[in-house]
Each structure stands twice: as structure tokens, then as C-alpha cells.
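Shared between the two complexes below is subunit A, which has subunit B as its partner in the first and subunit C in the second.
This part shows the complex of A and B:
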């Protein structure tokens, strides 16, 4: 029993962590409205998948899984470049990163999603009164080295 | 050591479902809404769910250094992921993604993949996140906006996550049950291991737990794999990167006469 207790974490533990990361990425991708955050969440999902690949590579004792993660990195970099270019174009047309502004791309026959609750207004900042500066200016620290 | 305590095969033990449901509730509470978010209750629920899952056996229960580091990195990765999902400020979300990447790098080190750890950190934490931050600063100079202070269907999203995570854990558990019964081909960590291809002339050594030893010279062997059996995919990946670069430049280019007016 003692020997069993001292075993290092096995394949399934890493798979469970990878699965939870993937699920969190999916939740974020579905729930967030900022396009950049949606793509960050997609990258989070890729992290979970990469962890799975590395865990399987360790489990099987070969390096094919690790090689696959390198390709995953390359594809993720391509995806980030294209996605950011698209986001820039979309931002230029709508002047916002909100993905809900593109609801006219939705499926035919679906109602658009309308926000019922208004956002709370930001509290107005009261301008603090300021006086004109009078008198001699504060002493500047003297330079100690002249190198 | 077993992830799931031995039980009747094919039956999902509902403690896991309840723990995951608690986590989903926590994330639902943490997601930004116009009313502000219930930070304290949400964090408590999410942390409680994580602790419950650990208690149920989702975390290994050894006293070795490796187990301790696994706990540390796994917890950091999951907490960072929750931050990333629930942050209102996108710049902070990008920084918590860096935390996730670093923790996953730690897990990769535990899995004997130091080269991937470095590559992952350089590409993600170094390049991708910085590019995201650049675009963020380019596009969002007015601070937080409507898009950040609202969620789109948070309840449905959390339900989707709950369903997916429960089914994934169910799959893992069924595999473990089959392994315990001696069904199936994989038997947990004691699975019969395919011989290490690159070192076939050497006798395959095993660690005490039956796991094959990984070559210490990870980078060399990874390079050999890449440029022998995976040569064609490497070339294709290079071509893909080139095409993606050209495509990104072409898409983001501002050409006169093609300006789209909203």
C-alpha cells in the first residue's frame, strides 16, 4: 500500500487537468463577448489538448505526441495571426470588439439577442478644485554624478 | 493512486457530478454581468469545487516531490484559467493566460518534455500573448467597454461546460473501471508499452510503476523524430506558416477604395 501511495501522478490525472482546462476554455469562448478574449479562450483549449498529447507521449514512452504538440504550436500561431488580422478588420468596420454587433450574420429565422439590462452608468468624476501655482518651484534634486 | 475508487463498472459516481456542478455555479457567479459579479460567493464555490474534486481522488495522493509539484502546477493552471474566463479587464485576462501557459509548462516538465516547455512558453507567453496585447491596446483605448462587462448567455455556457466535463470524466472513469477489471486494452499506468522506436536496440527500461523511462536527451530525440518520421509534416507546417503570414498581411491591409463603411 505504501508503495502505491508513493507513485507519481499517472496518465489519468494529467488527462483530467487537460479536460478541465478545455472545458474552461469552452465556457469562456461561449460566454465572453470580447473577440480577443474569445480567441484567448480558444488558445486555452489548445493548451489543454497539448497537455493531453504530452501526457500520452510520456505514457507510451515515445515522442510522437511531443512532435504533434509542435505542429499544434505552429497551427496555433497561424490561427492567432489570421484571427488578429480579422479582428482588426472587424474592429475598423464597427469600432468595437463586441461580437454581438455582428448578429446580422446569424442564422435565418433566429431572433437577435437583446440586452435587457442596461449597464450602470459610470459615476461622474468631480473635478477637484486646483489653485494656480505660486511661489518658488520645489527644489530639484541635484545631480550627484557627472559621468 | 487510482483516479477513481473501484466501484461498480459503468456507473457514474454522482459525487463528481455534484462537484463539477458546484464549479459551474461558481463560474456562473463569477462571469461579468451588468449588475456586477458575486466575486466572493463565486470564488468560494469554484475553490470548493476544486477542493472537492481533489478530495474525491482527482488528484494523486502521494507524498513525493513530483506529486507536490503536480498539485501546485495543476492548481495554478486551473485558477489561472478561471481568471482568464472571468476577468472583466482583457489585459488582465491575457496576463492570466500567461500564468496558465507557465503552469502547463511546469506540467510538461513533469512529463519529461523540457523542449516543449520552452517552445510553449516562447511561442505563447512570448509571442502570441504580446500580439494579443498589441491589438488590444490598438483597439481598446477607451478602457473597459460594453463587451467586457456583459456575458452572452452565461447560464447556457456553464451548463455546456458542466455537460462536457461530466461526460469527459465519465469516459476517464469507465476506462479506469475497465482497467481494474482487466477488460480493455489499456490498463491504467501499467499498460503494455510500445517499444521506444528510436532506441530499439536498447532494452526497454521501466520505472518502478511500470512507466517506460523517457530519454533524458529530450531535444535530440525530438529532433530525430521530427526530421525522420515527421519530415513531411514539418515542411507542411512551414508552408502553412508562410501562407498564414501572407494571408494576415493581406487581410489587415488597408487598401484605398476598399474601405467598408458601417
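This part shows the complex of A and C:
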């Protein structure tokens, strides 16, 4: 360990940081059940991978890795937009960001896994009318976060 | 003058006619469907006549042959090249015009008989295919082509027996005929294989015959016996005869052509063709003669008591075919003074020739009777028809006289030759006793033949006029097979008569001209053709010039006593029939009662159907049942068990899909980790 620390910053250091980011992302992804945080952890993993790309590109002296990272960033941006939109829809349906509420896709006949300590539910909000109205919408209560 | 390639046209024209009729018949030709067949038959008939004229001089081998290319060939160390090889030699030269002439006449008859039948185009289409297959069989120069024709006639026979497939009995008869002849066909196929492998892998029939002479005795015996098994199946010889009487379910013209005149004689043709080499195995000849003898006498005994006119004729056909095989079996070459090969072959083929004409005539007469009587053929229900149907009466009488072998009609000349051949064979060294017995068997059969033929004749055409009710019910349209139980019961009520007899002959009448004309054409042929070819030695000159045979004008007059004896037997048979069925009908009833056991045996066909069913059909059914049970209970269950494994596995792994996203992610991460560990350290772990 000391050896690595003593060395001038090189490929190994970058790779170590990248691996660290990736593993932190995995741990976060597996440990959290708030959908937004899980998403953020996934982003973290992507950044770890991107770091690897950049490090190898630098090490080999070409631009292929850099190019990949540009694509990666673009994909991550799109992903963020879609994922956040999906999360929003899911939140509106269940009034919660807890991912364990979405067990509907399990095999038929299986009992759902019951959460011992569920996240507190958001208070029911007044639904907007489904048809668009000409004037301004009804007054909304101030948004509160329950994360 | 004659282009040999035209030989190929002889089977080709009827085949084309068949194709045209079957494709265009139901839509376009309809009631004109007979035209292609009749045209093709006449054309082929003329071609065959020209071909015979050009067969060459008396001295050399009289034959025309043509090789019209390869049909199929195989690769390997012993390649098989099957070509379209046609050869017309005296033996086939006798068969081909006979087949085509009879086919033409019977086709004309059929236009009247089958009139307004809904299956009219189908009938003539299959009829054409039959003619094509039969001429192919006879003209084939290689044995595979012969086998193709052999199977072709079998299929057409099957289709025509089952022509009225609405009738369960016809279906059953068709299936039975097909299955029983198939047993024979397997024998023939094995025989072909044996000959092929034993004779240097050649398929050409003349080469086969030439090379088979060098075969060891047992080999030749086995191969010849297998060929004979094929002939037994096709020619309805004991014990494979059971299909022929049932085959009468088909339309009567079909019975006339296929089950009397042509197809059933294919076996005789085959054995006659191979006789020059089969004669080298005296044991085989003896087997052929004995089987022929058994069939001849057995069929004659059964025919004595049958009440169905067509069945009597069917048994008579069997009996006459037995005669032909007896003759072939007499073709001994181990007699020091004289080889009988040619004489026996000519006797058999000559009888085949005359028999074809008079048996076709008899069947067509029976068909004419059926047509006029609303498809009733039971001799107990018809009678005195000579007043009603004079032309048919003359035709049947001519056929009966020829069949009974009364001098000078054609049956006499050919039957006499067979008996002479048998008698000559009994003068050889060893086995003479068997041949002597067979000669007497032949004589007794001749007497029985005369008796049962004239029994049928007197019952149908003499005595008081009896006409069944069906004859009036349907206006002679020949659609008895379409009648329903309803119609019958109505008529019975009107007549108040269980048999529905009517003594008013004016309503029933002769068949139309289109049906009586062929009869009138066949009458002189049936009566005179024997005298034309027999005593003038034309048949011997013609057939004796076939390769493998020799002219045999040897004087067998020493055995002319058999001719006299056969006359005595035949005339006695007719006389007894006259006494029993015309002069004193009461006597017949009392004889029937006193001959209880024999009568029962005969009318039940010696219980042969039942015996064969018990011996072969039942065991096979039990075997089939066992195999089915094994299949269902063992193999099916094994396969089902294997099929249940994936389902069971799936059941075990199903809870993995619990719908928790984290669980999936964890499983994925763990799997990926394990995979990466193996990738990175695998070679170290498993070294």
C-alpha cells in the first residue's frame, strides 16, 4: 500500500479510484431502496467506468477511451432524463419512492416480501383534474421531501 | 418397317389417357371420360400388332427390344441401372394384344355398365392406368420394371375393387386384396434380390435366365420359390387365394378384366417367363404343380355350392389358374426322352389365352345380368332369363361351353394340352405317382368345372322366370349400389313377397346395345380362338420360338386318352347339372340334405378364411396390440418423464423471480463477481 502511495500519480492510481467509485456505486445500489438514490449510485458506477476509460486512454496515448467517455456522458444524460421521469410516474402512483413496493413482476403464486421497516408514505396529495383546464391549476401544497 | 421405339408407346398411351382422364375428367370430359381410354387402347393394340409382325424370322430370336433411357441408377460397388427397357418376344407378344383387345372390349361394355355413375371419370382413369401398368409388366425387359408394373396393377386393382368406397364391404375387400397380394409381393421382391445378387448383379431378364442356370440347386430352388410366392399372391393360389372371391365387390367389368383375364394371370406369365431355368429344380416344379392342383380342385369344390354368380366365376378363375400352374409344374426337363419345358409353357400360356377370352365373356354376361336385374346376382332370386335376355343367354352359354372344355370350343384345346402335359410328366422317372395323381385331379376338376358352370347357367337362365324386385325399382339404370333400405322395404310391401319375385317378364329386358355388342364380339373369340391356334400348332410355333424354349412338335399322342376322359367328365358334369337343376330340381335339395358335412364345407369355403384368420390375422392383431400397449405404457411414459424434468427444474427455480429489484441486482453482481474471479484466477485454481 505504501508503495502505491509513494509512486507518482500514474495509471494504477486512476484505476484504483475508478474501482473505488464503482464498488461504492454497487454497495449504494444494493443497500438503498430509495429509487432516486439508487439511480445516483448507478451514475456513480458509470463515472467509475468512465474514469477507467480515461485512464487507459491516457496510458496508451490514444483518444479512443476519451471518445467512449463522451458517448458515456451523453448516454448518462439521456438515462438521467428518462429515469427521473419514470421515477416521477412511479412516485405518483404509489406515493412513495420505495423500490420494494414494486414487486408486481414476481412469479405468479409467490408471496410478496414484506418490508419490516417501510419508508414513511408521503401524505396523499390532491390530484389535479385529468383534463387540462384553460386557467391556472388549483393551488398545490408546498412540496415536502420524505427521503 | 417398325420402329422399336414405338414399343414404349404401348404402355405410355394408356398412361397418358389415364392422366388426362383423372385430371380433366371430373370437370371437362364427364360422361365422355371413356374416350381417351378407348382411343389409347385401340392405338396401342394396333402398335402391338405391327410390332409382332416385325419380330423377325422364324430362325433367329424373334423379338423386338428398345431401351428408352435410364429410369434411375445408384452408385456403389454394384451400381443398379434401371432403364426403360422394353422387349417384345413371343410370350409378351401373346399377352399384349390380348390385354389390349380385352381392355378395349371391356371399356366399351363399361360405358354402358357404368353409365351415370358419379365416379365415371375416376373409373376410366384408373382403368387406363391399369392397362398401362399391365402392358408395362408384360413388356418389361428388366425385372425392376416388371416389378413396377406388378405393383402398378396391384394398386389399380385395389382402387377398382374399392371403387364404390361408400360400401364398407368393398373397402374391406379392397384392403384384403391389397394386403394378401402384398405378402406375395414381398416374396417376389426377395426372389428378385436373390436372383440379382446370384446372377452377377444384372437386372435384364434374358441375362438373368441365362446366368441363373449356373446357380447351385438350393439357391435356385429358394429364388424360384420366392418368385412363385409372388405369383401365388397375384394369381390367387392356395393359400393366398382368399382375396379373389372378395374382390368381386368391384364393378363387374373390372372383375372381367383384372380379376379374370389379365392381372391374375401375371403370376402365370412370370413363372412361364422363368420356366427355362426353374425347370432345373424338379422339386420346385413339383411344388408349383401341387399348389396348382390343390387350388384347382379346392376352388372347384367351393364353386359347387355358391349362390352368387360372380363368386362362382371367381372360384372358377382360381381353379383355371391352378390348372395353368399345374401345367407349368409339369415342365420337367429330367425326363430322359423328352424335355417338357416348352410343351408345358405353351400349354399354360395357351390356356391363359383362351381362358382370358371366355372368362371375360362370362363375367361380362354376369355383368349384363346384374345390370338388368338391378344388381342382384343371387342365383336363388333370378331364373329363366333366357326368355328375358336372349343375347346375354347366348353369350353366357358360349362362355360356359368354352370353360367346360367341350370339343370343339376353345377351352377344350387348351385344357387338353395341360392334361397331356401332366400325363407326359407322369411318365418320367421318380415323382411319376404325384404327377399321375395330379392328372386325375385335373380330370376331376374338369368334370366339376362343367358341373358348376352349368349349374349356374341352368339356375340363371332356365326354369321359371324369376326377376327380383330391384330390376323394376330403378329402371335398369344400373345403380343398385345406390339403393337404400327404404326403397327395398317399400317394394316388399307392395309385392307381399319376401323375394320380391315377379312373373311378369315383359318389364325386365335385355341390356342396351352398347353392352350386348361387346358380348357378341367376344362370343366368336371365346368359342373359336382355341381351335384357331391349338390344333393348327400356331400357338406352339409362335410361343416355341421364344428364347430359352424350342419348337416341340413331339407327339404326345400316347396320352390322348386324357382328351377322351376330359370329354367324358365334362359331359357328365353338364348332364348331372341338367338333371339336378332343370329336369328334377327336387333331387338337388335332397342331395343337399344328404351331403350335410360336404355341403357345409363347400358353402363355407372349407372355412379357409376363418382358419387363415385364426392362424395369421389374430396372432398379428395380438402382436399389434402388445406393441401398442408397450409403446403407450413404457416408451410414452419414459418420454413423458424426460419431458417433466425441465418443468420440475423450473418449479424449483421459480421463487428466484421475486420481483425485488435489489435481489436481481445482487444476483447479477454476485454472478458477475464469480465470473470475473474465474476469468482472472481460473487457470490458477484448476491447474
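To be clear about the criterion, the second predicted complex is superposed on the first by the 103 of 147 C-alpha atoms of A that agree within 3 Å, B and C clash if a C-alpha of one lies under 4 Å from a C-alpha of the other, contacts with A are read in each partner's own complex, and residues count from 1 in each chain.
Here is the rule we go by: a contact is a pair of C-beta atoms (placed from the backbone, for glycine too) under 8 Å apart; a residue touches a chain by one contact, two chains touch by 3 or more.
Given the structure is predicted, the values throughout are model-derived calculations rather than measurements.
In the superposed pair of complexes, A:10 makes contact with subunit B only, with no contact to subunit C.
By the document's definition of touching, of the two partners only subunit C reaches A:112; subunit B does not. Put simply, more of the residues of subunit A are touched by B, taking subunit B and subunit C as the two choices.
In the superposition on chain A, contact is made by A:30 with both subunit B and subunit C.
Once the two complexes are laid over each other on the shared chain, residue contacts for A:103 go to subunit C alone; subunit B is not touched. With both structures placed on the common chain, the touch criterion links A:77 to subunit B but leaves subunit C unconnected.
Within the superposed three-chain model, A:91 lies in touch with subunit B and out of touch with subunit C [touch as defined at top]. The residues of subunit A shared by its contacts with subunit B and with subunit C are 26, 30, 33, 99-100, 113.
Residues 26, 29-30, 33, 38, 99-100, 102-107, 110, 112-113 of subunit A are the ones touching subunit C in the complex.
Of all residues in subunit B, those touching subunit A in their complex are 1, 3, 24, 27, 31, 33-36, 58-64, 66-67, 70, 74, 77-78, 81-82, 84-85, 90, 93-94, 97, 100-101, 104, 107-108, 110-113, 115-116, 119-120, 123-124, 127-128, 131-132, 135-136, 138-140, 145-154, 156-158, 160-161, 164-165, 168-169, 172, 175-176, 188-189, 191, 193-194, 196-198, 204, 208-209, 211-214, 218, 221-222, 225-226, 229-230, 233, 237, 240-241, 243-245, 247-249, 251-252, 254, 260-262. Across the complex, subunit B is touched by residues 3-17, 19-28, 30-37, 39-41, 43-44, 47, 50-51, 54-55, 57-64, 66-67, 69-71, 73-82, 84-89, 91-100, 113, 115, 117-120 of subunit A. Listed in rising order, the residues of subunit C touching subunit A in the complex are 654-662, 665-666, 669.
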